[in-house]
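I am attaching a structure below and will ask some questions about it afterwards.
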């Protein structure tokens, strides 16, 4: 679907997609810290697909379950119990990633 | 005001306040990563007072301006231009912290 | 300002304003329960002016501080610590109402 | 899934889960008022799973359809028509609960 | 489901449903501009069902893909990359509408 | 403050600022429609500074009060009465713009 969106040739959308790669690249903050930011921002904003995307990246980068759960706990404290259903789906997905590995 | 809230003796509120200290303590994730999570979650949720609180902590922990701006940039990309007025107030406050130091 | 908005003669806005009175009137749910709903919905949506409006109504209706703080605690649990700055302003306003009385 | 989350032994998450039971217990506000708060806060924050959870509790507590619809109407007025799809799913679930009973 | 909600005879909900028709009628702003407002407000508030509803209306009104994508791009810029999963589903639905025609 | 942010030389932030100009330029949708989108998206997301910014643009472009109030009414219907305090501030600002002219 991303390819189709890019093919549509809308300059603003294409640049937003490009910026995404850019923003999470190694910089003054390392990639792992940035991924933690991406994961928790997605969680407090309650976007399941975004959480899954960042969990995938976090898994590739070698984060431990304990670290992921600490990130989850901060997101749930800041964002409240309204996040619990998203937490459940996130935990389920993280388990799948762990099993596959 | 926090003291007054705690004095009110509401068990749930008191525990939420306590959890806040707990969640940001050194753990499987280090304190600095957790502070980055706190800062950016506050920014995507557009809470100026929360952003200020975490900027104060970030300053004490020795984050550089370049690092803070990278965190800001991820928050603004994820949360969109609706965040720009909050970014302005955050940059203003960060400058004050830098000048005082 | 409400008068000016109504004077503008926009039918949709006028009806929304009217509905507000309607929705909080005594019905299958009593007025006090509805006011609790108004207060806490305003708090989880983090609207300070709306919280103040409903606190004023709650005060007129004779809610105790203990009851108000229980409502606050549920809102803060559901909505998370991002609500704390709004809680502080709400507590401050509630104290003013209590002092005036 | 809740059991798995608790088994993960993250102190902050465990306490948030515990607080949830605590906050909705009988207190200065009775349980039914608190459930109304939980239901409507979940609705204005547009969390379908949370709405379902509270509808289940409301059903057990003996709320009538008329009362539930008054709560829905306040949530929809405060939160706007963006809530309508969530209202539809809530009404559907409430009907199921009524049929089962 | 709308019929059932209306049959429930809750005055506030019925009026909100009526207002919806009213607000999008031809007026000082033409219907097409209002539909653009409905589409993009739904997108920044991240309501997939609402986006679909307005895309259907936009299709009937003869908006071109290029116009729809410009509306999408503004919504994504204002609302941030958290909207991307909703954008994907919106593009998919728009394609279906185009194919059916 | 914008100049300072740009001077900080963060590539992602600079590009987001640039995209903003881009997205609202004349295109398949005309500038006036885009401004209506900007205004109402800002209102449903409850960002006073963003609303003011777009009201300024709308004023320059020659929108009438009746048109602005229709846009407001759609935003308030979609976003709910939680938007009323923002509506008040928007109406106040619009009046100032009208008086100055």
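Labels A, B, C, D, E and F are assigned to the chains in the order they are written; within every chain, residues are numbered from 1.
Methods note: a contact is a pair of C-beta atoms (placed from the backbone, for glycine too) under 8 Å apart; a residue touches a chain by one contact, two chains touch by 3 or more.
All values derive from a computational prediction rather than experimental measurement.
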Mutual neighbours - chains that touch chain B and chain F alike: A, C, D, E
Selected interface, B-C versus A-B, where C-beta contact pairs are more numerous: A-B
Intercentroid distance (Cα basis), chain F paired with chain A, Å: 30
Chain E-chain F separation of Cα centroids, rounded to whole Å: 19
Separation of mean Cα positions, chain C and chain A [Å, integer]: 35
Where chain A touches two or more other chains, by residue: 11-12, 16, 19-20, 23, 41-42, 44-45, 50, 66, 69-70, 73-74, 76-79, 81-82
Graph class of chain-chain contacts, one of line, ring, star, complete, other: complete
Parts of chain F lying in touch with chain A, wherever the complex brings them together: 11-12, 15-16, 19, 22-23
Residues of chain E defined as touching chain B within the complex: 44, 76-83
Chain D contact footprint on chain C (complex, rising order): 16, 19-20, 23-24, 27-29, 32-34, 36-38, 40-42, 44-45, 50, 64, 66-67, 69-71, 73-75, 77-79
Contact footprint of chain C on chain F as seen in their complex: 46, 65-66, 69-70, 72-74, 76-77, 81-82, 84-85, 87-88, 91-92, 95
Partner chain B, residues of chain F touching it in the complex: 1-2, 4-5, 8, 10-13, 16, 20, 41-42, 45, 47-50
